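For reference, the structures are reproduced in the following blocks.
In the two complexes below, chain A is the common chain; its partner is chain B in one and chain C in the other.
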Partner chain A sequence: MGKALHAELQKARRRHDLLICLAVPVVVYLWAGAAVPTGADELANAYSALLFALPVLNAILLPIVMALIASRLWDMEVKGSTTKLLYTLQSRRSLFAGKALLGTGEVLLMVTLEMAVSILLGRVQGYTEAFPAGPFVYTGICTLAVDVMLFFSELLLMLIFDNPLPALCVGIVGALIGLFSAFMPPLVSYFVPWGYFVPLSCYEVSYWDQATHTVTYGLRPYNWGLLAFTVVLAAVLFAAAWRMMRDKEV
Partner chain B sequence: MQTVIETKALCKQYGPHTAVDHVELHVPQGCVYGFIGPNGAGKSTTMKMLLGLIHPTAGRVRLLGQELTEKSRLPLLRQTGSLIESPAGYLHLTAQENLEIVADLKGVPHKDIGRVLDIVHLTQDRNRRVGQYSLGMKQRLGIAMALLGSPKLLILDEPTNGLDPAGIQEMRALIRNMPAATGATVLISSHLLGEMEQMVEQVGIIDHGHILFEGPLTELQRHSRGNVTLRLLDPAKAAPILRANGLTAHSDSCVVTLPPLQDALLADLVQKLAACGAGVVELTPHTKTLEEIFLSLTSEEAD
Partner chain C sequence: MLKRCIIAENRKLHASPIWVIFFVLPLISAGYGTFNYLQNLEILTERWYSLWTQHTLFYSMLFFPAMVSAYAAYLWRLEHLGHNWNLIMAAPVRPFALFAAKLLVVVKLMCFTQCFVFVLYVACGRLFAGFSDWPPMSIVFYLVRGIFGGLAVAAVQLLLAMLIRSFAVPIFLGLVGGIAGMLIGSKGYALLWPYCLMQQGMNANHSTDVLAGNVLPFLLACAGWLAVVLLTAKVLLEKTDVKA
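== the complex of A and B ==
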């Protein structure tokens, strides 16, 4: 396992995956930084506003980013015609484990940085709302689960087609449908896995003052059922991707 | 002599199509073995089965004296270098970095990289990205990867494919010298008999998944000897000499076509033709094409 991960890290040289992982937190920082909360009311509700908006931003960005990360992991093997060589040097299980570990590691790094940026924004912009540790951790876990599920779905597509285009197209279309589903009844959004960030969110608009254009966000119950389904879906896609690699003729 | 590769009734079936049909290969240690056959004959499929890349429908493979099984596969392949179909290499990495990945996966120290780069003449270009390499350089890098760790066996599938004449020449010299330089046994496939003749000592010929011939190259050359054409200044003077030697020649103006002849007989004939004033201007010995050899081998088999 260690050898396989080491090999994947060696292959990652000059592939600039870290830049992709950094892109999402940077976008979050720039977007949230551009909408600095002003006034005591907004600052007192700022973490809630951020954690309400973050899933929407994730639904736009992350299906595409996951397609990028997954397709790049396998595309270099296709372009370099390396699979036949690799299968004489390591088992298919070890190759898959290396890719799954590196991919999941990159996703984890990205989510960690994204959540860290949220804390940083709170400090820099002087949020007065008490830091909502529980919802914050829940949002991080939900983002990670959906990301991993999307990552393995895109890796599966890449393994099926040996071409990054289908994975990227599905990522882009998935982002659009996912965002669209956020504005549909909750039942509809359950059928659109790319947009699961939104139904998994634990914040909702509890009051909107039309006259002052002030929005007050409130907590809603954690959606454990959908989170568990997301984890199961991620496991199913992981198994399907592994079967695909195991049975693929070279 | 010890056998490095041995297959017993090796078969591969893809639906109704039999790609490899009861193939029996015997590759002796320390030789360059040419595995020859036209495109689609089953060469690559056989080689992939030797490396455990695809599972045989039936039959057995023994590599380096051991049965190839799921358990023994990777330990055996660590003593084997291979280049199957197209050369492998991460295009965004340099040759050195590519070789480091392979060396680490093989468990070979990095100091061996310099040695293999020297053998394939890529030392000067070790720090260039593989994406900037020509096909010939990529093929040589593929060979370098195969050579890492001084394997006892090299399996090379059409390594001269797509190379320019200079590259082919260089690759031939490299492979021909491999047993002496590295002690490795080489199994190399090609669809060109002429190319193989310059590199190999033993040959196996495969067509439609069947082995048609296996043995020393010299024995195959007996089958590959074709007609001889002579261009003469005066064919009429040549006719009695040819008749006297029991030869039936097909004459077309100044060109006379003779059946395949032993070298000594041919030399004697040319001397006689020259002496009688027939004027031998040109002598062209023809080598049978692979297809013609197949026909000759299969007709012999049928007889």
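== the complex of A and C ==
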């Protein structure tokens, strides 16, 4: 497995995947940081507001980014028609393991950087709210789980069609449906895996003063059931992608 | 020569998966927009204009650039496969005609998309929102302006898809461009960034015309961005060597 991962890392050398992993946190920083909290009451609720907004930003960005990562990993083999040659040199299992490990590693790096950016934003903008460590870790775990699930769904599409277009189309359409599901009744959002970031969020609007446009965010119970379902779905998609690679004729 | 290039580009669209995105994205946008409009009738009181904002808000800000990016990347994908760059650069057509043909085909797709958005908007207004009259003419005007704004986005995305061999990266950059456009537009510098132009033209988040009295600078910005991108593409295609 180590050799397979090393080979994938060598293939990735001039692909600049790290730039993509870095681009997402930068976009999140700029987007989330654009609405600077000003008053004392906003600063006192700023981490809550940030962790409320973060899943919505993720629902827009990450389905497309997951399609991007999956297509970068597999499209090079499609373009170069390399699978026939590769399968004479390494087992299908090791090729899949290498791709899955590298993809998951890139997702992990991206989520870590995104969460780090949230802390940085709090420092730079001078949030006065006590840092919510528990909800912060929970948000990170949920983001990672949904990202991995979406990554394997996109990898599966890449393996089925040998063309990045269906994966990207599903990513774009999924992002749109996921975003809309965030504003639909909670039951609807359970049927839209691309938008799971939002129902998994542990923050909600607890008070909204329409006259003064004041919003206060509060905690809601962690959604362990949906998180467990997301992990199971990720495992199912991982298995389906592996079966597709194992059984596909070249 | 240009006509032959356009015919070749059009052939790529036959039975292409790109039509899925063409149909599905506006449908979802219209479905959600109508649902949201009907749920907030006490706040959204300006009938056709309010319905318009709900139909096109996310579409024009975030998903239109991604959709146009997919159109553009799809048209360049074949050229990036194998040694096709050598093949097309040796074809008896001016290199710029290749780019121009792709731009015209993307613009055609964009026009079809705008028409489809309008048909869905009118159908949802009449059937679901219960409007007995027809939408105001200014909505058609917004749609046409959206196409003018979209020209710059299409040209930039074609340039990116030409330069970047990956299919997916230009689409991601299109999405990032749309997000940046949203932020830059909110600061009042909409004419300085091509991805803002479509958002401004469509008047997606205002019931009053955001470009009232400023249509000329908007059109000049569209023409300016288009000219800059076309010139860059021409220079790159005619003066630099290809990497096949």
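We adopt the following convention: the second predicted complex is superposed on the first by the 250 of 250 C-alpha atoms of A that agree within 3 Å, B and C clash if a C-alpha of one lies under 4 Å from a C-alpha of the other, contacts with A are read in each partner's own complex, and residues count from 1 in each chain.
Throughout what follows, a contact is a pair of C-beta atoms (placed from the backbone, for glycine too) under 8 Å apart; a residue touches a chain by one contact, two chains touch by 3 or more.
All figures in this text were calculated on a predicted structure; none of them were measured in a lab.
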First, second, both or neither for A:Lys3, with chain B first and chain C second: first
Chain B or chain C: which reaches more residues on chain A? C
After the superposition on A, what does A:Lys79 contact: first (chain B), second (chain C), both or neither? both
Mind working out whether A:Met149 is in touch with chain B, chain C, both or neither, as first, second, both or neither? neither
Please indicate which partner A:Ser91 is in contact with in the superposed arrangement: first for chain B, second for chain C, both, or neither. first
Is A:Ile20 touching anything from chain B or chain C once the two structures are fitted on A? First, second, both or neither. second
Pick out the shared contact residues on chain A: the ones touching chain B in one complex and chain C in the other. 15, 79
Note: in the complex, chain A contacts chain C through residues 15, 20, 23, 27, 30-31, 34, 60-61, 64-65, 67-68, 71-72, 75, 79, 163-166, 168-169, 172-173, 175-177, 179-180, 183-184
The residues of chain C that touch chain A in their complex are 16-18, 20-21, 24-25, 28-29, 32, 35-36, 58, 62-63, 66-67, 70, 73-74, 77, 80-82, 166-169, 171-172, 175-176, 179-180, 183, 186
Chain A touches which residues of chain B in the complex? 48, 51-54, 74, 77-78, 80, 82, 84-93, 97, 100-102, 104-106, 130, 142, 145
Residue set of chain A touching chain B in the complex reads 3, 6-7, 10-11, 13-15, 76, 79-82, 84-91, 249-250
